[in-house]
């Protein structure tokens, strides 16, 4: 069986397994568990999105959650019933949106409209913001994208007439279910995987390995980074829409640095260049803190009583992060995927060529470049 | 004084030094010549502790250097004037020089050494309050050597002192190097300018792509036909 | 006229707080290439230590001084445990790690004291208001902040120009390779940078806490981002630049606060960060920074 055929069959098997699991989930009585599973899926989408926007290209964006917010608020505002977004409540909302009534549409369709609108808006913003920002590198781009997140947050908080500001925007229709979430997860994973195998993906990895060499090979650095950034933003926005229709209420504080860090640690633990790693990381690092959160409120083990320990889950995450950084920086998967799904030859080839050129250039070992661009 | 044995150093995946051995004797000026990329600077940086070898040993008066930090190695009496000068641009000439003596605890002697450096390099005295970054290439080279001398080292490592300097400057620098040798300093000189290096050295090694190709008294090597062809333009 | 004078004083005061933060950030960045976002938590931990010590019965002044010392200790631990093992790691790794340290410290305080804001009161003499004439007044705490910043800046300048350790610190920030070759004790320099930075942040934190009358576990977050903007404006890695940028930012913020129409003051922070992005794109080396940072 050729590798392509084997991949197809395995992929099909995975999808079948997923469908089976989802079916099992929909039989679950406990709403809490279902929510966790949906949340895990949403975080998987975010993690894969971060992987694409930052992990492939090595250009670290910390603004991803800003795009999630854009997706969430867009979808929420479009799908809110007019009674909840009339001019008395949201005076600055454009009339065309304030009167839009999607409530008669079936849930998946309404969510699709809201999600796509959010996704496209986020992609547009990402394109505009990315053109200047993708010239930067290293911690400069990280800090600039942090600035972006702060700006998005400030806009959300201050545009009270549209977003209700710091107060919760509630009443969002509960459209999200496990099928929709994991459909998007599957799409995101597939897109990321296809991207990795495409010439664009190779270009992204090449310029992560060695920028100068990649430029020498004719890679359009800006275009490559921008593409990754925009795709990542798009998926983050989709995740945001799903989130909005899961929690049914939004407030800007949810879309800030705490969430950003959580997604980062998922990707880091899973492995920065690995789609599989992102998925695994999202799973582990949504589940475990959730379990820990149960402990935070205090635990009665019968023979001993643990007092409420708020903040403990965050502390453990932070410590875990530092330990991973020190001892296993490449995370669980590093750059690897499930064995069958490694893009055959392509990544290794790109890396080998990049390495050969970089040898010839033979850079100085002791002082890394400090210029903001490049 | 200094014994290097079977030293192997890697830059990432590339082997820069492939098991080299050399020795520096007390009071002599040993030169290492060779083309760009031969591994000369790598050798000096490994001796100074900036790079860690994968295998091999470096013994200074019997003490093993390969596990020590640069801080300790300077403490043992090895000073290094690096390739490309590497002066502290934002600091004054005087501050640069005094930093050469950062590990010393004898203020009177440090002041005396400072005067000695100023005597050796009058230009530096003129510019002692200027920021090092404003100096010319030649003056920065003098500063780098002066800074290394301020440590009152037992072994002086000079990395490519002629690099990027005008011929007149190069002569000036090598005059100083010759004078230091006369005064009894032990010097390990790394140079691309084989002509000047062999003129001032006692013995020399020729390095090529991470290996020692030839060794012997400087005069002999200067007369060697291969060396002449490859390095002396002959 | 009186209004402008008043705003000038406010700008000077805010700039002083930012300057105390920015020096620590610039110092650590210059030497380690690390943007230490946990620096904000050093600002936060200072007043919390003070709070705890006052509760334990110490007079405020003594508690504050001890708190500064304890915060310096936190800075040393931070360096030893989180950053030293990662020496030489890529910039982004260090930045992310500093975020992790920040979260760790924030939540440690939440764990100990809960997440709510706590009232924080300084000694009486800091709670007065002096009239300078012409309708311009200044509160004693503002005056104290400006004087404290000035004193510390002077002491710092003396330290880095007159002492060997201080000069070594400047040298290490300039050129790490040369600093190693010359025999500077890099570990000691780094530890010193953290002690100095943490100490100054603690002073800023205690004084700021007294000024606004309250403390909470996330009080350091926005200030460190602002201090960071200050270092970028002034010149990345340049200490005089960081101080200059801090005062520029302080005045800019006050100016924006009084000039922006009411209702949009929340955008003040957004504008500051938009400015950051503009500077990074147009003149990344800031006002005083040099574009070339290599030693060759």
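For reference, chains read A, B and C in written order, and residue numbers begin at 1 within each chain.
Going forward, contacts are C-beta pairs under 8 Å (C-beta built on N, C-alpha and C of every residue); 3 or more make two chains touch, one makes a residue touch a chain.
Computed from a predicted structure; not experimentally measured.
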item	value
Most central chain, Cα average position	C
Chain of greatest Cα-centre distance to chain C	B
Chain B-chain C separation of Cα centroids, rounded to whole Å	41
Chain A-chain C separation of Cα centroids, rounded to whole Å	32
Inter-chain centre distance, chain A versus chain B - centres from mean C-alpha coordinates, in Å	52
Sequence positions of chain B contacting 2 or more other chains	50
Of all residues in chain C, the ones touching two or more other chains	177, 295
Set of chain A residues in contact with two or more other chains	366
Complex contact set, residues of chain C against chain B	164, 167-168, 170-171, 174-175, 177-186, 295-296
Of chain A, residues touching chain C in the complex	60, 132-133, 135-136, 138-140, 142-144, 146-148, 150-151, 154-155, 157-158, 257-258, 261, 264-265, 268, 309-312, 314-315, 317-319, 321-322, 325-326, 329, 366-368, 370-373
Contacting residues of chain C [partner chain A, same complex]	33, 35, 81-82, 85-86, 89-97, 99-101, 103-104, 106-108, 110-111, 114-115, 176-177, 221, 225, 228, 232, 236, 264, 266-267, 269-270, 273-274, 276-277, 280-281, 284, 291, 293-295
Footprint of chain C on chain B - complex, ascending	48-50, 70-71, 73-75, 79-80, 82, 84-91, 95, 98-100, 102-103, 147, 151
